[in-house]
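Right after this note come the structures.
Note that subunit A is present in both complexes that follow, paired respectively with subunit B and with subunit C.
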Partner chain A sequence: MVSVGLPRALFHHEFGELFQTFFQCAGATVEVSPHTTREILDLGVSSAVDETCLPVKIYYGHARWLSQRVDSVFVPRVVSICPREYTCPKFLGLPDMIRRALRGSAVCSPLVDVRRRGGSLSDALVLAARELGLDERIAKKAVRSACMKQKTSSLAIREVPKGQGPAVAVLGHQYLISDALSGMDVKRRLQALGLTVYDYHMVPEPALVRIQRRVNRPAFWTYENKILAAAIWYMNQRKVDGIIQWVSFGCGPDSMVGEVVSRECRQRGVPHMLLTIDEHTGTAGVQTRLEAFADMVFWRREV
Partner chain B sequence: MKITYPRMGDWTAPLGGMLEQMGLTVVRPPTPSDRTRNIGARLSPEFICYPLKLNLGNYVEAYELGADTVLMAGGVGPCRFGYYATIQKDILADAGYPMEFIVLEPPKGHALSLLSQLRKLVQNVSLCDFLRAVEVAWLKLQAMEDIHILANQVRAVEAVTGQTSAVYKQQIALLDSATTVESVKGLWSRAREALYNIKKVRRERVPVVRLIGEIYMISEPFANLDVEERLGRMGVCVENTLSLVDYIRQNLIADVLRMHRDRSLQEEARPYLAHFVGGEGVESVGNTVRAAKQRCDGVVHVMPFTCMPEIVAQSVIPTVSEEYGIPVLTLILDEHSAEAGIQTRLEAFVDLIQNKREAVRNRV
Partner chain C sequence: MCEYLGIDVGSVSTNLCVLSSDGKVLETLYLETRGRPIETISQGLAMLAQSGFRIAGVGTTGSGRFLARALVGGDVCKNEITAHAVAALHEEPNVHTIIEIGGQDSKIIIIRNGVVVDFAMNTVCAAGTGSFLDRQAARLGVPIERFGELAASARESVRIAGRCAVFAESDMIHKQQVGHPVESIVKGLCEALVRNYLNNVGKGKDIKEIVMFQGGVACNSGIVSAFEEALGMNVRVPLHCRVMGAIGAALLAKQAVKGTPTRFRGFDVAMKECHTETFICTACVNRCEVVRLMIDKEKAGFWGGRCGRWEHAGQDPGQDFPAVGSMV
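Let's turn to the complex of A and B:
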């Protein structure tokens, strides 16, 4: 039986359930890499070029960890998951970058590009199954059950927290915040300080779309559009007392949209903090800044 | 309305000339200086790419000279350039330099729609004059590129250091002032002659280095810290892969004339980078392969710090370098880059090329 490795990084945080269920149902042995550890990060840092961002370095680490253990590492080329939009240029070239780092290990990289015909995520999965020599008919069935599983898991992250006290929105790429290392448990840290924490998944999808249409010139990056729209929605609804942006050092799209978000916040008088994360960031520094931000939010409430 | 535009080395001069000829009031963006860079870096977000910062500096300096409108190109991603206009406008307005932006949207490979967008700006000029201005600018651009290539070849063997650059600058300025097709043609051949007449030294085969990378960085000498001139003074012939003429032919004219687009660079890059990544990422990889196949001695890859497409290229270019045995030097630049560091790295690179060549010769 062919074994497939799924790096627990980038898209895995969003489509992990889908990938895993699919390959299992399609008849492959699935190995998911463990949560990011210092060792995995070091593997990644040593094989990626210095200039790449932290999430991509983490991805390198997971892929290298898996390459010793499985027949093929699953590295989809995710060009676009929304019509007329892109993910990020680095994801467009990710399979080629990973191939270079793995030198010879098999990489399975179907194209996901909803701008083209036959470029949807499920098409890509069937394509991957064919490439791995799995039965295509079974694969098509597997797609269906995988999509069901994905739906239930994505409902869970949309659940809105209930809380009375001050609230903040933590906005950033899911693959950065959900990662064991680069996320630094930021949500838990904020909750421990007595804050209710929101993220962009908790904004109703129609509201996001509506706001995106109203932005005078929406960007062409899917995740950044969501982050910007979520920031505006939370401020319009007066749901939050502050916005924290969690970005990785050298993130291209965030460098622009972060600027737009901070501008929006300034105009509306909502506190905004941009935390930049890289592989050198220690948790103590982050904790201090989160505490200071929380203090400020509480004081502003009292005034 | 006083129009300015982002500067890209000398290459945007024909655009300025064209707009002037169409009767618009044009404020030419001043040559970037340390001041330009400082203004840009102060106003820009921290991790934005260097071209945006220099552009902003350009706009502010043009604003001080009276400009109130920026003419620039748009984009649809995934490179950040497509979002430049949106963010630059907001930043300028906040900083107290309110400017209008006219964004020429990428015409999906159509020169005609680009021209019609331009035409809307200058309706009081007759169509005949409008087209003549376009023709002059187009010819001027070709002339400038030709002279630029020649200057890079001559500089590597000039007898008096700095003479080529002086002549080149002079000739470009002359060309810039031309307003008719005939005068451009005349100045073109005179410029070639002037470069031929520069006193040269005899040298055994001159090393050839190809310059690749992000389009703004390889076209603006201020941004790349005069990398072409530095290499030229070390006796290296630089071949700049930048060609706006080619770019316009491929992307704008090919579709109008229903010509076949040249995909050979993409094909060269395919084994290493199989999908377009925005910007010039694929072109950089393809150009490295081509440089190796054409037996260049080395490749210098210039990119702005945090440039996403070029990071992808940088990640896979080492494979090309190993397989073909071609040395590649990657220079990542932003407002913090200093001349001494670049000079040292270039010198080391040229030494490496020379040594490599001698080693090959001794083996034979």
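Let's turn to the complex of A and C:
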């Protein structure tokens, strides 16, 4: 049986369930890399192009960790997952970067580009199955069960926490915040400080779409559009006492949207903090800033 | 009568202060940390022990606040931003902006109607903080205490690139080799530092008077006048500018205890044998470096783990405590 490796990084934080269920149902053995550890990061940093951002370096690490253990590492080329938008430019070149770093290990990289015909995520999965020598008919069925599974798991992350006290929204790329290393347990840290924590998954999808249409200059990038729209929604609904943006050092798209969100917050008088994370970032500096932000939010509530 | 103790353990200096119950500053100490926070805190406590204070509450702040809390038995442990804001408001209730530049970081705190409404800290680079100034002063052979006086004596200032510590240094060396007088370079450095602060830390912040300048660098009159010039505002330096963090911590301790007994271990902690040990926690794959504080061969506190299992229980809680990976 062919074995497929799924790096627990980047899109995996969003489509992990989908990928995993698909390959299992299609008849492959699936190995998902473990949560990011220092060891995985070091693997990534030592092989990655030094100009890339932390999440991509982490992806390298996961891919290398898997390359010794499976027949093929699944690294889709995700160009676009929403009409008229792109994902991050670094995703476009990811299979090429990984292929070079893995030197000889097999990489399966179907194209996901909804701007083209036959470029949907489902099409890409079927294509991947064909490339791996799996039965195409079974694969097509597997796509359906994978989509079902994905739907239920995305419902779970949409569940809105209940809380009476002050609330903050932590906005940023899912792959940065959910990662065991680059996310630094930010949500748990904030909850420990007594705050209710929201993220962009908890915004109803139609509301996001509606706000995105009204934004003056929509960005090219799917995730940045969501982050901006989520920030505006949370402020419009008066749901949050502050917004924390979690960005990776050297992220091009975020550097722009970070500034736009900060201006929107300033206009509405909502506290905003941008935290930039890199491989050397210590937790002490982050903890100090989170504590100070929480203190400020509580203090403002008291008055 | 009883007093409150505030301890601010920073990268460069460790500051202690004792406040009376009505908020008057009775004693301040400014000690160099020199990478040995435990020794420094003990030294400070030993110096205060003779005065016969009856401590009713202890607050700790600064990057070494967790260590300080465990060592002396702190009642409250607060981040530096809150501590500085509380101290500034105590000194001047109408303060609107706080500039704080310490040894390794710099911050801006915006206050309106007595409440912190916005703040920022420097991001990745430590250019323009106290330790960088110290280093440059040493390289130019100028005592840091004379920096301000020297800058004031300069007729012209030369432009130094202040964005990055490495660039600033090479730029200064270049200016020096071309033949610019030292005082002009020093003045230029002060201006560069202020420019960098306002562009980086102060970016987009609504700076209004009254402006207070705190932290060790506030003692440097060259930087103060560079700020006044750049902002076109009067910049106030409080009398105890170097120990404002400690004052804030003491004030927070006073708020926190409210008559409950303090956890202070007493000044004789300074006489005891205290040291820390590091070990790698093997409870999960994160392999955190946990610090254990030993006072007279007894375990007195833990910190440094990501999941909080050691901090929580004061020992290894075993399987009961969920590991980090499982909670993501």
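One rule holds in what follows: the second predicted complex is superposed on the first by the 303 of 303 C-alpha atoms of A that agree within 3 Å, B and C clash if a C-alpha of one lies under 4 Å from a C-alpha of the other, contacts with A are read in each partner's own complex, and residues count from 1 in each chain.
Rule of thumb we're sticking to: contacts are C-beta pairs under 8 Å (C-beta built on N, C-alpha and C of every residue); 3 or more make two chains touch, one makes a residue touch a chain.
The structure displayed is predicted, hence computed values, not measured ones.
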| Superposed partners subunit B and subunit C on subunit A - clash or fit | fit
| message | A:249 in the overlay: touching subunit B, subunit C, both, or neither? Say first, second, both or neither. | response | both
| message | Which partner chains sit in contact with A:299 here, subunit B, subunit C, both or neither? Use first/second/both/neither. | response | second
| said: Contacts for A:220 in the overlay, against subunit B (first) and subunit C (second): which applies, first, second, both or neither? | reply: first
| Looking at the overlay, what does A:48 touch: subunit B (first), subunit C (second), both, or neither? | first
| First, second, both or neither for A:198, with subunit B first and subunit C second | neither
| task | Please work out whether A:89 is in contact with subunit B alone, subunit C alone, both, or neither, and reply first, second, both or neither. | result | first
| Touching A:260, do we find subunit B (first), subunit C (second), both, or neither? | first
| said: According to the stated criteria, A:15 is in contact with first (subunit B), second (subunit C), both, or neither; which is it? | reply: neither
| query | Is A:77 contacted by the first partner subunit B, the second partner subunit C, both or neither? | reply | first
| field | Superposition-derived minimum Cα distance between subunit C and subunit B (Å) | value | 5
| said: Can you give me the overlap between the subunit B contact set and the subunit C contact set on subunit A? | reply: 249, 276
| field | subunit B contact footprint on subunit A (complex, rising order) | value | 48-49, 51-52, 77, 79, 84-90, 92-93, 95-97, 100, 111, 216-217, 219-221, 249-256, 258-260, 263, 276
| field | Sites on subunit B touched by subunit A in the complex | value | 45-49, 76-80, 82-83, 86-87, 90-91, 94, 272-279, 281, 305-309, 311-316, 318-319, 332
| Residues of subunit C touching subunit A in the complex | 63, 78-82, 113-121, 123-124, 204, 285-287, 306, 308, 324-325, 327-328
| What does subunit A use to touch subunit C in their complex? | 34-35, 37-38, 178-180, 183-185, 188, 192, 249, 262, 266, 269, 271, 273, 276, 278, 283-285, 288-289, 291-292, 295-296, 299-300, 302-303
